[in-house]
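As written, the chain order gives the labels A, B, C, D, E and F, with residue 1 at the start of each chain.
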Amino acid sequence: MTDRLSEFRAFRERMNARILEAGNLEIKRFFALDTRCYEAGALDVRTKELMGLAASMVLRCDDCITYHVIRCKEEGVSDEELLEAFNVALIVGGSIVIPHLRRAVDMVDRLNAGEAPEDAGHREHAG
Amino acid sequence: MTDRLSEFRAFRERMNARILEAGNLEIKRFFALDTRCYEAGALDVRTKELMGLAASMVLRCDDCITYHVIRCKEEGVSDEELLEAFNVALIVGGSIVIPHLRRAVDMVDRLNAGEAPEDAGHREHAG
Amino acid sequence: MTDRLSEFRAFRERMNARILEAGNLEIKRFFALDTRCYEAGALDVRTKELMGLAASMVLRCDDCITYHVIRCKEEGVSDEELLEAFNVALIVGGSIVIPHLRRAVDMVDRLNAGEAPEDAGHREHAG
Amino acid sequence: MTDRLSEFRAFRERMNARILEAGNLEIKRFFALDTRCYEAGALDVRTKELMGLAASMVLRCDDCITYHVIRCKEEGVSDEELLEAFNVALIVGGSIVIPHLRRAVDMVDRLNAGEAPEDAGHREHAG
Amino acid sequence: MTDRLSEFRAFRERMNARILEAGNLEIKRFFALDTRCYEAGALDVRTKELMGLAASMVLRCDDCITYHVIRCKEEGVSDEELLEAFNVALIVGGSIVIPHLRRAVDMVDRLNAGEAPEDAGHREHAG
Amino acid sequence: MTDRLSEFRAFRERMNARILEAGNLEIKRFFALDTRCYEAGALDVRTKELMGLAASMVLRCDDCITYHVIRCKEEGVSDEELLEAFNVALIVGGSIVIPHLRRAVDMVDRLNAGEAPEDAGHREHAG
């Protein structure tokens, strides 16, 4: 069961590095803005991550959902709170969100079972 | 070839059960509404499943398409009728639908080749 | 109250004619396929129009919803059936569909109040 | 300048009432779930409204954005916090969000200028 | 007929200015990246504007389509070329694009009839 | 590493053939229009493929992105130009595009490493 999270993280980090070294300055700048927008400001990190999670879920992007679920748990969001966040996305986005909800709950279960992605590195957010 | 449909069904049923037992009452209620909306009313089940199929296809959700293709066939929708339904979705949604059309036709072929999902259980619809 | 439907229809027909005369053969061919896909085949017209309505509603296009609501009523779809069709779209597409549901129900009320678009011409479907 | 908010609210409330009285029980139940999902639970109302705002903005629905902006301000979200919420949606959803951002900032300005929607009634949320 | 383009431009410029002065640095930076990405680089401006037009059309954003149509014409894209660009978007995005195609062709007609937006200012692109 | 591109191509060609022989004339005609729209006209093939790439990327369809990346490289689009095209899609579509950007850059790397799809056949475009 460990594979999925590790593979996700390895591919994500390898390709982020690959993209940042590819020499397109605008893409690098967008990645920087993407990282920056979840940092503490007038709104705290936890609220911003929950917003990123809801937005990712209604837009139905599994990789983005996985990323924000991991970050939410790092910020101390409880499983009960995650389920309420999933419910907001389900109501806004409808049943078309359900396949992603299944995979998101599976991801939460994997994280709770100790399939924890190691900490270093993935905080440089990108998508 | 049997794997894909069985895996789809096993994961779907395991996670639906997991979600329903997770203790969020609102999500359970949404799942109930989702099941209810395809039941016979002023419109018959077959028409509603064809509408669910068209909606799933233009929104480009493979799991939802697979589910509604299985249900349409259970309701006696012929392959010729399925192709016309696919065509409506293709015209409304454009060429971006084509990769999903390929997988949908592949799914119809698998079902026709006897890779039939067993009946029990999956009628409790959810997404 | 008559204005909205008449304006919709007048602009739609003027621009469809304008586009078809503009000299791009591929666009003309697509318009022909669009018209053709709602004609009777293995599936009847009524079922196809309900599918077009559901697809338009989850994709949230007011003009397309208006068109298919008019066509559904011409094909004898009752208000109770329309509401069930709207419900399928609402469940699949979520609360983001609600503003379009409001306008669709308003359109049904206008049509029932006699704000009937005249018949000729708009059967050459296009979007 | 007062017109836009008043018209929005009047049409919204008239059609919500019209839909709820139309006799489709499933749609009524969905509206109830929609209202319920923004009520306090494990997550507080303010966080849920910010999530609804972000989801509405990346899905690009002006009516939904207007509704959640009004609700956020009622919950004490400051203009600086709203701008950060808009930024999360802008980064997740891209420049296609900008026309909606323009209208959202215009709505905030109207609300701050005293074009306040009256309180009663619109708390029964629906979309 | 002049109103629509002038209104579009006036609201767009007023709100862009309003947003840039609102004090959120990240949003300002995103606007700068948005302007920058259509400037000449390895790809020329004309090709980039055509790409922005196609992307805006399949995502179905009228304001974005209007902006890129104006810019394409400034870059010397002919009406015949615009129609081919519209056709690519129509094929990729399907009949749901047609209402936007109607408004885009209407916009081209208005521009050709001399309803030309004045040049200054709108080159600072934003969405 | 060779597997992914070969599998993509094999499944794509097998299912395109399967769909074209399935006997639905309208679907065949849509496939023909899809092929035709990327052929040289007022706009050249290279520009049209870049437009198809941008549209596919903001709509977030991996199969469509892969197809247009392959075709762009066949038309002589350089890696630097591809990165600028990716950047246009990233700005228009936002961070939700990033997972697809990762897979697109990975695909470019595979193609550059000699994992070249053979030429014959795939020029009959479909989605």
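The rule is simple: a residue touches a chain if its C-beta (ideal position, glycine included) is under 8 Å from a C-beta of that chain, and two chains touch if they have at least 3 such contacts.
Everything numeric here is computed off the predicted structure, so don't read it as measured data.
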- Query: Just how many steps, at minimum, does a route from subunit E to subunit F need if it may pass only between touching chains?
  - Reply: 1
- Target subunit F, source subunit B, minimum contact steps: 1
- Chain of greatest Cα-centre distance to subunit F: D
- Query: Can we say the copies subunit A and subunit E touch using the same residue numbers, with more than half in common, or are the two sides different?
  - Reply: same
- On Cα atoms, by how many degrees is subunit D rotated relative to subunit E, nearest 5? 120
- Item | From subunit E, the most remote chain by mean C-alpha position | B
- Message: Which of these, B-F, A-E or E-F, gives back the A-B interface, meaning over half of its contact pairs coincide by residue number?
- Response: B-F
- Message: Using mean CA coordinates as chain centres, what's the gap between subunit B and subunit E in Å?
- Response: 38
- Whole-Å distance, C-alpha centre of subunit B to that of subunit D, is 32
- Take the average of all CA coordinates in subunit A, do the same for subunit D, and state the distance between these two points in whole angstrom. 24
- Item | subunit C-subunit E separation of Cα centroids, rounded to whole Å | 27
- Task: Enumerate the residues of subunit F that touch no fewer than two other chains.
- Result: 26, 30, 33-34, 37, 55-56, 58-59, 64, 80, 83-84, 87, 90-93, 95-97
- Note on the structure: As the complex stands, subunit B meets subunit E at residues 58, 90-97
- In their complex, what parts of subunit B are in touch with subunit A? 11-12, 15-16, 18-19, 22-24, 26-27, 30-31, 34, 55-56, 59, 61, 63-64, 126-127
- The answer for subunit A against subunit B in the complex is residues 60, 79-80, 83-84, 86-87, 90-91, 95-99, 101-103, 105-106, 109
- Contacting residues of subunit A [partner subunit D, same complex]: 33-34, 37-38, 41-43, 47-48, 50-59, 64, 78, 80-81, 83-85, 87-89, 91-93
- Item | Interfacial residue positions of subunit E with respect to subunit A in the complex | 26, 29-30, 33, 36-37
